[in-house]
């Protein structure tokens, strides 16, 4: 094979695997999507005791079929790209590798180690699902709004953390002696989080009247406080860009703060951008 | 009956059944509404063991009375409309048919099959309630906003799905060995959904400290993440249409901010696009 | 007592009881507020078995003291107002009467009827607390926004009702045979409401895989759907008034739809409000 | 040491402890932050029975190390500030003192009192965490919005309180006789709060059909009512200040839309309020 035809092959493979504009590329992406979902579903079902007991063999073959397919895909990606190292160290490159490694590792350590540990490493294959996110472009708008409001949400989460630490400690004092559910502060904090976020498992719940009074207070607090992250994100989604602050400075009086539609300086009455008196 | 009088009858029936403008049409619609609610309530109460044991006969007659009424209504609809096939294959036409079929089917299979299965088919009658939605016109505004933001909500739901699959797998690793509640990944994912959505049944809950730590993390995540769909829908309800930015500038006074339907400048009264001086 | 001095007395009492501008009126209102809270707290504590067992007598005297005070207040209100019948039939007049009646009725029927029923009627005294709402003026803003969006919220609640009826019926079919928790459709609907609203008691929860799958679907639905009422109310709070539509009609071309800042008709170029050509 | 060098030392200490602009000040703040987190974590872990049983001594030394460090810090703060009394009576001054007092008090009362009570006082040390809030500046925006909408939220919380009192009383009447969970009104109110806020522990849940019907009503109410605080806070975050509507109109070109600080018209450059032609 000549260098030129090899390059053409690489280019062709790259077009199919990395791009989705051509029919072949589109077909490959859809097939890959189905394979990823299939392999994730197989990993999920494999963990169900009643299913693995009956179809143990089938899952073994499925597992290897998926792994070989993804391995070939990974090698072709490395081969067809012009900068293999850049791909291999990129976010998706690492995820692609992590998606195939567990099955191979399970071969070498199968005899000596317990099966449960191997299955544990296999679970990393779940990260394959991350690939699917590339198919969706709308996600950018939401993540952008979340990213922009991330500092405010962090402050909010910090406030929540402080509230649950204090409430958990108080509940430990109130219920600790009489209620075995509140036998340590970390456990009381866990209860406070369960209650404040309105999850409310009910595995830990206060017995004393005063404890129930505090619990009621925490619930209503959580009910009202949920407004804060909602308000932050809604605000960011409605006003997605920072207010454009006009940076013009008047050449005559050197003052700023002009509107975008201003021609004359509102402080000294001269033209903002140089020019003559009117 | 002459063709003309028959046509007049069809027109009259159509007016009563399909329209709600005339007093007779309005009366029919309200009566139908009451019958639909009555038949749904009967289907609900029929499933309560203590009620069916005592009033078995009454429900049998009710059931047939409702079915015959709805059958006559269905036939009249087919008869009075100009395009019966179009009605029969429309959304409401199919629902109308599904609302009466179960009772008739239960006659033919009553002897041979078990009663429970028949009652199961009967439950499809519940779809009659769908008719009620036609009476409410305000719904359009909400459904429109939901429809417009459906892509963003789908992306959000996909992100939620990815989070619960990963969290569920991690929890299976952490709690799987020590806690029988987390005996498979699908079950752990079910727990993750119960927790992330702040439902919190408490039928499955983590025992280990690390499991409770992850659970607390998932709860706070769910508490903060609920802001996203709220922000999306609120944004759509507040800004239902994209702001139409008209970029026209008046050639005489050079001012912008004109409506799309403006021909003359609203500030100086001249033609916006060219034209002569006044 | 002369008619004039009697009128002055009635005026004075009216000023104290009905108004809160004078120091005496303000003092009365605050005292009444404390008495209402006190009587409500007494009613609450009276229902606790351990408390009533010990302080039975004290609550008896408290109860009568509150009732006599509120009775005097009610008589004075009737006496001092110019239109006693109008007050007696007003919302607060009826609540004021309902707040004192139970105690008197308990006297006449104490011997013959069971105590529990009497206590039941007494609980209506709780409505006294409604008076407190008059002290808060900010409430109007919220109730106005809620009232304005009430139609949209009703449509939303109707949709929720339809969803829970259908989901409840489906769950009855899926879990009915194997899970005693889902032994009737109404009970399954109750479960659907508990799940959709993310309350999640856990007293009823699905056992089968398919049931848990539907439950997960309902949870995520409820998690996303909560955005709707929030969006509706937020929209109403942010845009409290309907968009002010300019009602100007051009005198020359008789067309409307002008902006508030328009001087010239944007359709024909003439002055909107009569006048001459430029 | 001369007075001058002493003053210079005080100034130097003040710069390090109170300010974070210099490298030394920044280092001190970060170190303090780590120490606060460390001491809080120690207090949390100390309450876990299995941990304190094994590492009792270690926590004793940790406790004293943290306390001595914070004591020195407190003394240096008092020494370096120009107005020690003002610092000592400020919010952070009191918190700083409360953060070290419990350990010292535990010395004097250790022999005579039980250990649990001492540990209880020690828990106040948790307030040290409050210091961390000073490191975050973004919090102001959120607290400001919450503070501004606090009156509306209070009205909302009052309405919630009224609803739960009435619902709790009604549930006591409905379920009281047959369900031991609802044996008093306060307990029923506790249930109403657990349900309305969608926490839903499940430790108390209705048994009767009518009770479940009311519960379903309360859940849907809570589901819809959560829109109110969200709407209030979102509104405040989106429209943080009342829009300043400047009503000035330029005397020369008769155009409005000027800023509050404008002297000259931004459209024609003349003095807005009268003045001469340029």
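Side notes on the structure shown:
Here the chain labels run A, B, C and D in written order, and each chain numbers its own residues starting at 1.
Here, a contact is a pair of C-beta atoms (placed from the backbone, for glycine too) under 8 Å apart; a residue touches a chain by one contact, two chains touch by 3 or more.
Predicted, not measured: the structure shown is a model, and the values here were computed from it.
Of the two chain pairs shown, A-C and A-D, the one joined by more C-beta contacts is A-D.
Which listed pair repeats C-D comes down to matching contact pairs by residue number; over half match for A-B among B-D, A-C or A-B. For this pair, subunit A with subunit D, the centres built from the Cα atoms lie 28 Å apart. Centroids of subunit A and subunit C (each the mean of its C-alpha atoms) stand 41 Å apart.
Counting partners per residue, subunit C has 156, 186-187, 189, 198-202, 222, 226, 230-232, 234, 238 as the residues that reach two or more other chains.
On the subunit A side of its complex with subunit C, the touching residues are 198-202, 230, 234. Across the complex, subunit C meets subunit B through its residues 151-152, 154-156, 158-159, 162, 165-166, 169, 172-173, 177, 183-187, 189, 195, 198-202, 205, 209, 212-213, 215-216, 219-220, 222-224, 226-228, 230-232, 234-235, 238-239, 257-259, 261-271, 277-278.
Residue ranges of subunit D in contact with subunit A, taken from their complex: 40, 43-45, 47-49, 116, 120, 123, 126-127, 129-130, 132-133, 136, 138-139, 141-142, 145-146, 153, 156-157, 160, 186-187, 189-190, 193-194, 196-203, 222, 226, 229-234, 236-238, 257-259, 261-271, 278.
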